[in-house]
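Below is one structure, written out as structure tokens, with a few remarks after it.
Read from first to last, the chains carry the letters A, B, C and D; within each, the first residue is number 1.
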Amino acid sequence: MRHGCEPIEGRSRSDRRQRKAEPLIAQGARAVASIAEACREGAVLTMLANDNAVESVVLRKGGIIDSLPKGGIHISSSTISVALSEALATAHAKAGQRFVAAPVFGRPDVAAAGQLFVVAAGSADALAAATPLFDAIGQKTFVVSETPKAANLVKLSGNFLIAVVIESLGEAMALVGKGGVGRHQYLDILTSTLFSAPIYKTYGALIADRKFLPAGFAASLGQKDIRLALAAAEELRVPLPLASLLRDRFLTLMAHGGDELDWSAIGGLAAKDAGEEG
Amino acid sequence: MRHGCEPIEGRSRSDRRQRKAEPLIAQGARAVASIAEACREGAVLTMLANDNAVESVVLRKGGIIDSLPKGGIHISSSTISVALSEALATAHAKAGQRFVAAPVFGRPDVAAAGQLFVVAAGSADALAAATPLFDAIGQKTFVVSETPKAANLVKLSGNFLIAVVIESLGEAMALVGKGGVGRHQYLDILTSTLFSAPIYKTYGALIADRKFLPAGFAASLGQKDIRLALAAAEELRVPLPLASLLRDRFLTLMAHGGDELDWSAIGGLAAKDAGEEG
Amino acid sequence: MRHGCEPIEGRSRSDRRQRKAEPLIAQGARAVASIAEACREGAVLTMLANDNAVESVVLRKGGIIDSLPKGGIHISSSTISVALSEALATAHAKAGQRFVAAPVFGRPDVAAAGQLFVVAAGSADALAAATPLFDAIGQKTFVVSETPKAANLVKLSGNFLIAVVIESLGEAMALVGKGGVGRHQYLDILTSTLFSAPIYKTYGALIADRKFLPAGFAASLGQKDIRLALAAAEELRVPLPLASLLRDRFLTLMAHGGDELDWSAIGGLAAKDAGEEG
Amino acid sequence: MRHGCEPIEGRSRSDRRQRKAEPLIAQGARAVASIAEACREGAVLTMLANDNAVESVVLRKGGIIDSLPKGGIHISSSTISVALSEALATAHAKAGQRFVAAPVFGRPDVAAAGQLFVVAAGSADALAAATPLFDAIGQKTFVVSETPKAANLVKLSGNFLIAVVIESLGEAMALVGKGGVGRHQYLDILTSTLFSAPIYKTYGALIADRKFLPAGFAASLGQKDIRLALAAAEELRVPLPLASLLRDRFLTLMAHGGDELDWSAIGGLAAKDAGEEG
């Protein structure tokens, strides 16, 4: 398997895309002129922004389904809906191809260091074939199921859990802050005692600093992931009151123009509700 | 300062209390016959179940206020309301005594090992006087304010954050579990990646195992702390939607007889709402 | 305009559908063999269960778009998504046809009596053409906009408001019931004082009686409408915390097999959370 | 029973209170110089702002308990906590007096017209004695229990239901308003169809007009009532998610200085969350 051909972001016809590709090429990536070319060697990994982008690249005429050879493998690392993952699995199977869902955890700097965590699901032979690629991008791979969509569900649930951490820090800081305790000191107490996980440090600092730009992960993407988690939960009939609350937080943020802020900006809303000038 | 006189749990007249005291005495504690005796040397630490217990021991006739000498110090490590903490501070000041709020974080095994975290607030001289005691019970002390009640607010907010972790794990496990992913495997993924803090491991395991007995911290106490956090938030006018949700979870649990379960039992409710037989 | 041709439910090939049509025919309806036949006279009204049914009847090959003449009019009285309403408006405009969204309020008995309320939106001339039909099915028509989808939004918001009434009665009855006040007496107090609207009487009685079968309006349809209200709200970036809460109630109900119960069955969940045997 | 002596608002020593009393005296009320004087004839009705005011007037030295003769009757029409109602019942019983809880529904204009609804609870003989007074202030009396606190619970649950109506109208109007439908037209549709109860008209108009001053019932009192409903629900272990949501709405309003606005002002918050300039 060649790694140089990934990730595909559709045909990069525009100058803008070309400019974005240049630093990758400088690091050894190989640009391709078409999806067909990317698929020629029988394996392709996609890591795209949302369901629409993936649908377009995979299912459209001349897309991955059309281009992959029989027995070829598509590794989908995008954070997409459980429903689309299932549709892709079906479409690839129909075309005699293999499909692995392999979403990843890690912010951009972690990805750059090849230290992502990979959550993978698919048939045993497809997973075996994909392993070298997982090793290239991640520090560890967790296989959760033979059914690809299970990996997408785990990924969505993980982002849900992170968003809960953000919201909970936002509320706790709004409370102790209005009670006279400094946000940074408070965060220091939390993270040097029970809440030592890096996400508390990372997001806690962003919230304490009210520093939501530039976005490591945009609020609009966070909102999308909560929507997908809620959609999966609805399909499975699992009420998720915390996710419902997060949904409303993201909509409030975006109703006030916050699409491009880091998703941790929802962590500032509790303080606004508590009267902080904004 | 003598440490042997703590903690007070009121006059231990009953046999039951005597039996509870025996192992402590065997380890070097000294039993006292009255609050007055406990206070004689000028310093006393209380660690009691709730506001009522503290009020009774401190404010009643023959209680700590009556018994401590002028300049004496009362260190309150109970998880009590912000309002009572303020009332105690006022009462001690009026009596010419010093008051330090010093609630602690840590489950019973951590306390036994002297590895608690202490969050302390009070006047500089009172904190200085209390430091040897903090060192005896805890691994680290955080001073957050000169106003005692600020420490209680931090403690309550910390328990709120833990309860949010419990609820979020409950919801996430209900979701992925119904989607076919094993709860224990899922927890392993979480805790070996982004959610490495011990609380995720500890509570995640209890929830995955549905093992809510014996209680490390009873649901009724958890409910009390959420109530106190909400009361403090109301006083400060800070809306806390997550705490409101937790409140309803605890009431649901207790309406079904769950008072004595570990508070992580609220982490099993999402799965029940999703149809799991209970 | 002929009224006899409505409502279409697709080609009634099956015996079952034929049997369902017979009583209508006995009352003067005319059965048609195809959508094309129903559309021949230039006007058609659809009242179907959900987006999929409407999409299929309108947009498929040989559907309403294909069958209506230029200048023909499609009156859509189904409770469908705002997004589909917009898509239908666009498709009909492209085909030189007119489209009116005209959802209705009223349970089956009200519809049978021709006493529905019609909420309509569309171009002035299309609304004028549809008026005789509105008069036939309803007691009053409210024109809300020239843009069809606005009528669908009003309909969804109306069902949302009804569901809130159901949930609020469920919570209030759980509270006073556990406090020793009879549910029926309580309902009598409410409806003879401030809550005199028929919906309080209708749904209050169902909840007080715990009589959720047969369904006047199935829980699965209620859940669908809340989903569509949330989807419209998401598109418009309007947080709706009450709708989020209703969403979770419906999922809880359906996770326990309640799809076919009357949607007022969510009004029984608060009492279950409060410990009522169920 | 003399009606002229009610309602007591404590000793009106201040000029301000005297000025407030004058118009009542002009209409035939008789001013009294002390609680003792008001209680002399054996019956007294109190209608005060909150628990503290009632506690003070009833339980303090020289208060109603001290002043009423044996067999005397205290009719409490204040909206107070279930817990205080129980405490008052106990205290009066101990003093050989009778206690009736008789909270009322109706805004000030309704009260002025003697058209309140009275919800009463107490022993049969006490209720019989109070009936002439109920007839004087209200258009109808509902007896709900022999236990006084049950009437207070009904009252609190009623205010909870009204607040839910306010919130639901606020959310629905935020939704359709952002979707292009006029708030006033929308309200007209609602109130001339399914939502014909006066509360929808009254509060809907205030929300549509964003007219929250002067307050018919202040937000701070609304918040208090939701708090008391939640406290009663906690005691009974009844989760009330809608009440929790209302709690947070009131705190948000009051955190922004809204104490003195009409409580329907929480109906403007959904639109603010949706981005409306405020």
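In this text, a residue touches a chain if its C-beta (ideal position, glycine included) is under 8 Å from a C-beta of that chain, and two chains touch if they have at least 3 such contacts.
What you see is a predicted model; the values in this text were computed from it and never measured.
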Chains touching both chain B and chain C: A, D
Over-half contact-pair match to A-B, picked out of the listed pairs C-D, A-C or B-C: C-D
Interface composition of copies chain C and chain D: same or different, split at half: same
Taking each chain's C-alpha mean as its centre, the one farthest from chain C: B
Chain B and chain D, separation of their C-alpha mean positions in angstrom: 37
Whole-Å gap between the CA centroids of chain A and chain D: 51
Residue numbers of chain D (touch at least two other chains): 233, 237-241, 245, 248, 251-252, 255, 273-275
Residues of chain D touching chain C in the complex: 82, 105, 117, 119, 140, 142, 144-145, 147, 149-150, 153-154, 157-158, 160-162, 164-165, 167-169, 171-172, 174-176, 178-181, 185-186, 188-190, 192-200, 229, 232-233, 236-243, 245, 270, 273-275
Of chain C, residues touching chain B in the complex: 241, 248, 251-252, 255-257, 273-275
Residue ranges of chain D touching chain B (in the complex, touch as defined): 227, 230, 233-234, 237-241, 244-245, 247-249, 251-252, 254-255
